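What follows is a single structure, and I will ask about it in a moment.
Chain lettering (A, B, C and D) follows the sequence in which the chains are written, and residue indices restart at 1 in each chain.
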Amino acid sequence: MNIAIIGLGKMGGNMARRLARGGAKVFGFDLSAETRAKLAADEPNFQGFDSVAKLVASLPKPRVVWLMLPAGEISENTFAELKTLLAQGDLVVDGANAMYKDSQRHAAELAESGLKFVDAGVSGGVWGLANGYTIMLGGEKDAIAQVERFVKLLAPAPDRGWIHCGPAGSGHYTKMVHNGIEYGMMQAFAEGFALLKAKEDFNLDIAEISEVWRHGSVIRSWLLDLIAGTLAEDTDLAGLAAFVPDSGEGRWTVLESIELGVPTPVITQALFSRFSSRGNDDFAMKLLSMMRNAFGGHAVAKQ
Amino acid sequence: MNIAIIGLGKMGGNMARRLARGGAKVFGFDLSAETRAKLAADEPNFQGFDSVAKLVASLPKPRVVWLMLPAGEISENTFAELKTLLAQGDLVVDGANAMYKDSQRHAAELAESGLKFVDAGVSGGVWGLANGYTIMLGGEKDAIAQVERFVKLLAPAPDRGWIHCGPAGSGHYTKMVHNGIEYGMMQAFAEGFALLKAKEDFNLDIAEISEVWRHGSVIRSWLLDLIAGTLAEDTDLAGLAAFVPDSGEGRWTVLESIELGVPTPVITQALFSRFSSRGNDDFAMKLLSMMRNAFGGHAVAKQ
Amino acid sequence: MNIAIIGLGKMGGNMARRLARGGAKVFGFDLSAETRAKLAADEPNFQGFDSVAKLVASLPKPRVVWLMLPAGEISENTFAELKTLLAQGDLVVDGANAMYKDSQRHAAELAESGLKFVDAGVSGGVWGLANGYTIMLGGEKDAIAQVERFVKLLAPAPDRGWIHCGPAGSGHYTKMVHNGIEYGMMQAFAEGFALLKAKEDFNLDIAEISEVWRHGSVIRSWLLDLIAGTLAEDTDLAGLAAFVPDSGEGRWTVLESIELGVPTPVITQALFSRFSSRGNDDFAMKLLSMMRNAFGGHAVAKQ
Amino acid sequence: MNIAIIGLGKMGGNMARRLARGGAKVFGFDLSAETRAKLAADEPNFQGFDSVAKLVASLPKPRVVWLMLPAGEISENTFAELKTLLAQGDLVVDGANAMYKDSQRHAAELAESGLKFVDAGVSGGVWGLANGYTIMLGGEKDAIAQVERFVKLLAPAPDRGWIHCGPAGSGHYTKMVHNGIEYGMMQAFAEGFALLKAKEDFNLDIAEISEVWRHGSVIRSWLLDLIAGTLAEDTDLAGLAAFVPDSGEGRWTVLESIELGVPTPVITQALFSRFSSRGNDDFAMKLLSMMRNAFGGHAVAKQ
């Protein structure tokens, strides 16, 4: 029961641990020697390699190589390298967040070399090591069969929390939609707590309210659990900047909604709020300020 | 341990049952004799009355009268009647959804007659009877103390799921925000499942996906549990109309966000989607169609 | 042909000038002696007063008193004062931006004292002195007849650019909707120019583009004329802050759309963008940042 | 002064007329013999051809071939055909709406065959024949120089209403943004008039109001002129369906805003409103209805 994990960051590293603790023999690659050493020290079933080529050479056939790399150049280069290293019957899983159309392309490209492909959307964040990960798989049936035993270790339980969604790309598509929903839910909570905070004359204890909502309310959820956990320690968030990055998933969801012609006002506004938090609407706002001055003589704020 | 419940509909009726089962003696009023009879038949601790006056006359002092009436005329009339029937030291709880400013007014009006007031936001829906209700209270400390033992019966557990938020109005304010968040979450899920459904070439099983997301994913939540439960029986929703009512809570949340100057794009768009589902944007869309024809000669669709 | 103007700011002052130049005898009040003196020096038909009482005492009956005061306390106080100073048959015009429900109330309150009321929505900004103002009137027919000759002087031409919309309040309602549309148009232009600016590899000359769009394009408009005029002098807007105030009109439009159940996604988002530009979404964004850290271990930006 | 126009529909046909009337000799191709015959009958300077090959064979070198074809297959096929028919020094203009990245690709592909390319964004709709068209050009300087004399005939005046924006693609990019702004403006007007209509107790005459707003108001614009023109004939729009198509331009604008990370809430909501008008949010709305039933026991509307 051997598996390779390429990329041992926050997600990949914990997945390697969960697999190793579940009994799989894990062959891991990461650029960081420190990361490899730490995993090897902690997990008897883990063995680190300082190159993908060495890892592949050691991994018994038929090989399962699970990628946990950021979408883009690094990921593309590794796909290219694996095509030269792997042999017929081997299988590549892309378990990172990737645009589903790229996964469809990867499936086709690998198939040309007789290699199998599975795209795996993985949810669970830093809590997945303890709780297990939700896993959404796309690919051919025989490919899914080849990775199933590993997926059962990663999932919260062997018989639940994972699914074969459909053909290649459908796993990442489903994960993309999951994250789109997540964007909307997060923004809904953020707006609600902002309204509680802004009603100053009520002097509401938002930490206590978040805790109470966890019990019996319609909006109880894991996100609310996390909110309650952190607000319990800090209700002012005074040290944080109002600056929110976005990863690709939210953008891909909106692009897809445009392509399908399905309106997603909430998911899209959640994304746009993040754009604005980073000052990306500054020029538009300056223009508004200028227009107000031009037609109404309204004073403009200067920088 | 006596309490009156005025209004024994979906929410009030179940709350009366939960209180009665918890050991309270419940004095209930509802216009429907059938509703009263059914409750009396089921719950030994429940006694029905066919007028508010008779109920108040029977209820031992100091009285606690808990209203579960729709906001508006019925509720206002009952407040007015209670002012004439109750005596100093008695207490009225408004446990229905009400605009928090109305609750502030009710508190002031009742205080003029020496009556106490508590506004109670209650969440939990039809599942509250079994699971308990989340309860958000606003009012003076002594008033809260007077209702606490009943609240502990209604909550999921005596020591959790309820909170004294602050002064009169703050309970309904907190409930209003809770429901605003609920609007956003519901719309986020609806958009996501619509994207899954619309991607026809993947032929995704949205029932299975909703079930899988319940285990380990970032978006796991009680709403998702409900979605999975219903999709398991029907994934096409073919019999349903794309027509979604809104109750006051979503509107009040947006009005408040305007008053506070706090942007709530997601909650507001969730509300607007419901407006549109009911055809309330039809005239605007006809105008767009007309404009397109006027400048571009584009054909217009006729009714 | 006598008329009083109370409030001689950017709008009121220029309206007084236009009326005076049109031949009306203008009785003006403003708190600023300098403002009064400047107008008196420039306009032979203008006479300034240092109190409303003195002004009313000098104004021949039946009096027409046109208010150009900010909505709220100042305006309310002046209405109250005028009720004590004016006589049956006199007429008050509220030409400032006011919530139409307040105008309905003012109409009713003045009627109790036998005074007439007209609400006048006035558009045109600082350019109205030269170009004339669009005027939207609400009130009884005889009241409108009493102010018509002044309105014809203020409008771009006696026979166009003004309208009797309907009963009291309808003038301000129509003006409110006008400004709501204005919010949406301004934001549409701001977003578009932001997209031109952000496409750095094309190095587009947004000043020239705005000028070209003025000739023959579908989006040609007075707002575009203003944009082109200012961009011609400064395309970077480097000195401006991305901070946009909002006056009441945008908010009132959204409140009304909620009350009517008519979705206004564009007008509302235009308003919310201004809220965000002033940092009013900062707490929500901090919460998002916190959540991302809690579930994904994502680094948070610190202030 | 010879030019070919391929595609003689609403836009291309009128442009051919305006060029012919301006003195250019126009070589036109369209699949419809009737269209060709009508143009030839009306315009002495117009000559129709029943194949692109024949047209190209007749057109003197260096040739200018201006395409007015729908984006997609027809357009792509024609580009491919022209590559085989044209000779070094010839030039292709794409004057239809096209995604700017496609225009960048077309420029590169034509350059491989020694052919020049200009992308021309054209605005003006059916009124362009009389008023002239706004034209936004992208391409190399020498290519622009080669088409300039034709552009001057198409523009409202030789020296205004047209611009060389930048490199290939920038003309269509600028036109795309123009149309994005148009989406936002149209929706802003639609929402505003819907609010006027919905306020039934004021019984507002929206035709008269639209006419009045044309004179002196901040929102005066060509779109408002068109609205007033059509509302003058029909204020109920009773015969129209609330069903609004969208062409590619709005979608492309939103895709670009996602790619650039620049929020465009108004343009995007304008697009989503059109999606919803066509029932594309029906499944999402059914899900909301189902959820409300599941947690609140709310009745669902059946189809």
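The working rule: a contact is a pair of C-beta atoms (placed from the backbone, for glycine too) under 8 Å apart; a residue touches a chain by one contact, two chains touch by 3 or more.
A quick note: this is a predicted structure, and the numbers were derived from the prediction, not measured.
Enquirer: Look at interface A-C and say which pair in C-D, B-D or A-B is its repeat, using the rule that over half of the contact pairs are identical by residue number.
Expert: B-D
Enquirer: Could you give the separation in Å between the centres of chain A and chain B, each centre being the mean of its C-alpha atoms?
Expert: 34
Enquirer: What is the distance in Å between the mean C-alpha positions of chain A and chain D?
Expert: Taking the average C-alpha coordinate of chain A and of chain D, the gap between them is 39 Å.
Enquirer: Can you list the chain C residues in contact with two or more other chains?
Expert: Expected reply: 125, 187, 189, 191, 194, 198, 218, 222-223, 262-265, 269, 272-273, 276, 281, 284, 295.
Enquirer: Hey, how would you classify the chain contact layout here, line, ring, star, complete or other?
Expert: If you draw each chain as a dot and join those that touch, every dot ends up joined to every other.
Enquirer: For chain B, which residues are in contact with chain A within the complex?
Expert: Residues of chain B touching chain A: 123-125, 128, 131-134, 136, 155-157, 160-163, 165-167, 169-170, 173-174, 177-185, 187-189, 191-192, 194-196, 198-199, 202-205, 208-209, 211-213, 215-224, 253, 256-257, 260, 262-267, 269-270, 272-273.
Enquirer: Quick one: which bits of chain D touch chain B in the complex? Just the residue numbers, please.
Expert: Counting only chain D, the residues touching chain B are 10, 125-127, 186-187, 189-191, 193-194, 197-198, 222-223, 226-227, 229-230, 237-245, 265, 269, 273-274, 276-277, 279, 281-298, 300-303.
Enquirer: Write out the stretch or stretches of chain A touching chain D in their complex.
Expert: Counting only chain A, the residues touching chain D are 218, 251, 254-255, 258-259, 261-265, 268-269, 271-273, 275-276, 278, 280-281, 284, 295.
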